[in-house]
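These are the structures, in structure tokens.
Shared between the two complexes below is subunit A, which has subunit B as its partner in the first and subunit C in the second.
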Partner chain A sequence: MPSRIFVTGLGFISGLGNNVQENLNSLLNLRSNIGPIRHIDTNLKHELAVSEVSMTSDELMRDAGLPDDSAYSRNALLGIIAAKEAFSHAKLDKHPGLNIGLISGTTVGGMDECEKYYQDFLTNDSKNRFIETYDCADSTEKIADHLGLKGFMTTISTACSSAANSIGFAARMMKAGKLDCAVAGGTESLTRFHLNGFNALKILDKFPCRPFDATRNGINLGEGAAYLVLETEETNQKTGNPVLCELVGYGNACEAFHQTASSPDGAGAYLAMKKALDMSGETPDAIDYINAHGTGTDNNDLSEGRAIEKLFTGKIPHVSSTKPFTGHMTSAAGSAEAIISILGMQQGIIWPNMNFSNPMPELKFQPAGEIIRGVDIKLVMSNSFGFGGNDSTLIFKKHGVH
Partner chain B sequence: MEKLITAYTYIGEGKVVVNKQLIFYQEKIATFAEFIKALYKQEQISYPKFYKMDSLSKLGFMCAELLLRHEKPGRFKPGSLAVVLANSSSSLETDLTYQDSIKNRSAYFPSPSVFVYTLANIVIGEICIRHSLKGENAFLVSEKFNPRQLLDHVSDLLDNNRAGACICGWVEILGNTFKAMVALVEKENDGTLKTSFGSMPFTEASLNELMNLTEKSIWKN
Partner chain C sequence: MAYINGIGIISPQDTLPGSAFLEPVIEHTSEFMKSIEPVYKQYIDPIASRRLSRLIKMGISSAKMCMLDAGLEVPDAIITGTGLGSVEDTEKILGELTKEEKFLNPTPFIQSTYNTISSQIAINLKCHQYNSTYVHRCFSLESCLIDALLQIDEGSAQNVLTGGIDEMTLNHLTIIRRLGLWKPEAVSNLDLWSSPLPGALAGEGAAYFSISKERNEKTYASLSAVQTLYKPSSTEQTAEAVVRFVTEQGLRPEDVDLVMMGNNGNDEHDRICDEVMMKALPSASRMLYKHLCGEYHTVSGFALFVAANILRKQFIPSSLINIPSAPGKLETILIHNHFRDTDHSFILVRR
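Take a look at the complex of A and B:
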């Protein structure tokens, strides 16, 4: 059974940029693009702050050279861009004969187009081509088509932990010998439906979000897509790809506390981090950085903070939430933040938890308020927690360290 | 390693049977809502969240409730009890209710409290929340009751020690037509498992028998 899983390709589109390099530049320049809604036609337009990918869906269609009469959800369009970037990064097209899987997380599916045309579907044939895009798996199939992948593919919808679960599941498939390598991550576009849904839960902030701040007041939703190419050690010997880092641990736990809320003591968050840490064989002291889920809601940051304090009984590593940069990319958050964590590891940088100024009275630790450069980061932990306490943690290790 | 069915709940044709005992019977069922509420009241269950559940969740919840109510707390280690349920109509009953609320432009009232039940596996979530279950779970949708599929899935969990025991079965409802059979499956390690209804191996034949309970396999109170 192959035991090691290497990361050899990255692809990333978000409000910060249309590829990994643009995202990295924005992060290095501490540039967030959280602001008013530009693309979505909603009466919440002036009520909420979000992070949108700069291009409209029409522009994305034109950019990809797709005919006007084809039916693509924004999820598929964003997913294709990021998955293609990761695929090319690892030059997977140069290695015929590999058994490549595609595992993609999304929960919004094709709601963006369907909610525009829903009322017309019964009467307007010209829009009916969008009906099939509604299913979450449609975006995964379209991505597979564009990459020329015909093997195993599946779609994971566990809300905000979807992309992290995709990466964990891909690793399991590879360890079980079912895949040589995988393109794994997630894609999520903003839609009226989930803006309204989160708004109804009263967990959206109209100002830039302030994770782990005593005055935090909710989430800024974001959109985008992010994919990693994972290879087993054996496959990597064939491809000869440079290893960016190693996926050494992943854990998923469901805390069975409430349909949407997390338990105040962070039982699920603790379990997910503990499972991932146990798999990695590392001690809590060895973790250099935690990219927290840190949504900026009362509930999440308290339960996640308590879970971190429970697991890291000695020194608490650097902690930050990068959602003030990207917004909460929901089903793409897990892979987006995995990439942000990996970029930080490569650059020796602890990303700042922007907009933080007031420590939470309930917690003993504070997140990294400023960017910290020149840190030797060997192990990073990235948390992604979904509704109902479907909590997942990934741990990446710098390649070649023991 | 032998696996045994150590408890079961059957709900069908107006009968509710728990471990061979007929505990409830309604000859004429007006609606599922009335039927399940009468059962809930008779059994004196106190769990106010029950009232906000959709029909599929109420059905699964009651099966699990009757299955586990006499278990000693702590008999199953946290995270060791899995749940694998199946049906043929998925969450269609609630999907239709939700669709009704958005089909007219003039009467467009989507309700988040209905929407959250438009997934079949929410019934598992409700059961897990009620009994603090943190083990593996899966909801399978197949056209007909497929004992082989349940047997394979549950056996895999138990044989590979991904679960110590498993709640498994069928929970089907569409309109006022409903049927459920939920069983507790455990590993027989040292010959100490005891049931009130004799020894029942976890096999396709047993699952089929429980899905089609005959008069002679029911004790009447």
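Take a look at the complex of A and C:
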């Protein structure tokens, strides 16, 4: 019988706060910080609304006690902060001998230094120390070095589902006995590369995003990092860590429809949710809450909404997109929203889908417009869908519930 | 454990379907070893192909070659490893951003995201199942193979299409040369091991494998196990890890007939490879192969193609260099690779 996978540590930095508690406080106070770009020197400064982590990269460097002449991308710095919080939360440093994995998702976050110095890289030696911050593995290895991890590590890039896939792959390795526990999640910082790239796709909104609203008009990009500590049941007996919840399902499917668009019927989203649900052994009506991918684009919300209606033929659970709080944290969205879902489960709260007022005519259901308190949440589903139809779903279950 | 039942590879040698096994050797005298590409319209609709950058075309084509070789139409999972993804597209955007931020062409942005290769393969094969992309330097392909083996073991897939792919460009070569790890000027690949110039030769390639639960008449070899090792403290520790890895597969160190060495022409890099294998597997024959493909993050894909063919064909092409001499039998091959002594990987392939 494969081992159960318990969540025992959380770490989270986003525009809402620099740690889990600050993020929770912002969520409880319905505070979003989506607004104009402050940290990045870009022509798009007044064109777009985003969610930035409050600290500058220099402040993050100082906070981490790093010398000024070291080469850290903002992506790595955010990752270090969140991974460290999760690692400390689960007190993994107190348990020597554990075979700990690090699985991190990221896509373009490491570009922030590279895009500044690219001409230097091509023409002179002055910025050589930043050359290696370019690739995706750099942030993962820097996180590992900060946590003193020397076990298995890898980096996943499936665009906006990267962090969800990191969590799924970590669980797969643990169930096979290849790891005792893992730090899994993702990190993504805003860069000009990112902002201009998404802007070219014409899917960014200059106003706060309105997922599942008939007037929705695109994404607000966000940044940050979020990591979960996962332990097998056997490892948990050794660590004695309080179990925050159990990861009971993960599904990964590929829509194979179009490089950037989702199919109108949400075939990929349906398949990812179905696979996760099948693994969990639960029925659709047992799901209490869906933290939707809900980016606020025309295409995603229609396709995801239809997939939800197709899978949940009876009662549709509470649904909300929390992207109006955090912005779309892209490669970190999967783990960030997993944490937001787990916090909701712990608090008995359905997070609201902020900025919603006009129901979509194509859908029979509406997202949770207001915060709902005092709900007994036993099972939550968190969706993350990426470009290329890389769709993934995670399901978490309250611990001790049968 | 699983079986390699199909291979599709585009490399700086002629490894296209119908070619002889690394005969004749192709000499490269330009700045880096560029892949010998197929006629893409054999694999990709020419209209769609016009919009695709070179790396994506190499990925789709080698994946299709692999499926044809394996005699399969749709795999149960598609997993790609790439150290850098589409460098060409990334550079286009970085170039634009250094001039002036104006409205970008969205195509390079889409293609620069690493998962484009796997998802384009899925679109081309109409595969709606598991799809993932690993992007971790010299662990990229290795992570794919680990994932593939786990999925086959746990029964969630019977046939996994997985591969490693990276490309080199002149701009990227210029940048990486600043780090002093690459040869400062063009050197013939045939002179790699004798050139007095320091550093490795840059290369590129795409290699996809059909990894299956069952052996069949198309089987090249079995893929026994894959392991990674991060920042070992010494060559002794790396050597111990090699011995442990081999032992865990129920083998003695002397059972390994051949080691495909990570040597790439960089003296410091090569010293580590040599020391590790002399300590860990002193009786094994050591093989140099990177003069045929150059160095890149997913170079172990080329090595796996070579190892699988050696085991199936039971012969070693003369272009490969064996030290001190060719092995007496060809049953068990270990592939070792490393990135700056930071990311080491081991792949065990058996007949």
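Here is the rule we go by: the second predicted complex is superposed on the first by the 396 of 402 C-alpha atoms of A that agree within 3 Å, B and C clash if a C-alpha of one lies under 4 Å from a C-alpha of the other, contacts with A are read in each partner's own complex, and residues count from 1 in each chain.
Note that in this section a residue touches a chain if its C-beta (ideal position, glycine included) is under 8 Å from a C-beta of that chain, and two chains touch if they have at least 3 such contacts.
A quick note: this is a predicted structure, and the numbers were derived from the prediction, not measured.
Superposition of the two complexes onto subunit A shows a clash between subunit B and subunit C.
In the superposed model, more residues of subunit A are touched by C than by the other of subunit B and subunit C. In the superposition on chain A, A:192 makes contact with subunit C only, not with subunit B. When both complexes are overlaid on chain A, the residue A:154 reaches subunit C alone and has no touch with subunit B.
Of the two partner chains, subunit C is the only one that A:386 touches; subunit B does not reach it. After overlaying the two complexes on the shared chain, residue contacts for A:141 are found with subunit C alone; subunit B is out of touch. Of the candidate stretches 1-9, 253-261 or 271-279 in subunit C, only 1-9 runs into subunit B once the two complexes are overlaid on chain A.
Comparing the two interfaces of subunit A, the one with subunit B and the one with subunit C have residues 118-119, 197, 200-201, 253-260, 271, 388 in common. Within the complex formed with subunit C, the subunit A residues making contact are 2, 42-44, 106-108, 111, 114-115, 118-119, 121-122, 125, 128, 131-132, 135-137, 140-141, 144-145, 149-159, 165, 169, 172-173, 175-176, 178, 192-193, 196-202, 252-260, 267-268, 271, 386-390.
Those residues of subunit B whose C-beta lies close enough to touch subunit A in the complex are 102, 105, 112, 115-116, 122, 125, 128-129, 131-134, 137. Here subunit A touches subunit B in the complex through residues 118-119, 197, 200-201, 253-260, 271, 388, going by the rule given at the top. Interface residues of subunit C, counted against subunit A in their complex, comprise 78, 83-85, 93-98, 100-106, 109-110, 112-116, 118-120, 122-123, 125-137, 139, 143, 146-147, 150-151, 153-154, 171, 174-176, 178-179, 228, 230-231, 342-343.
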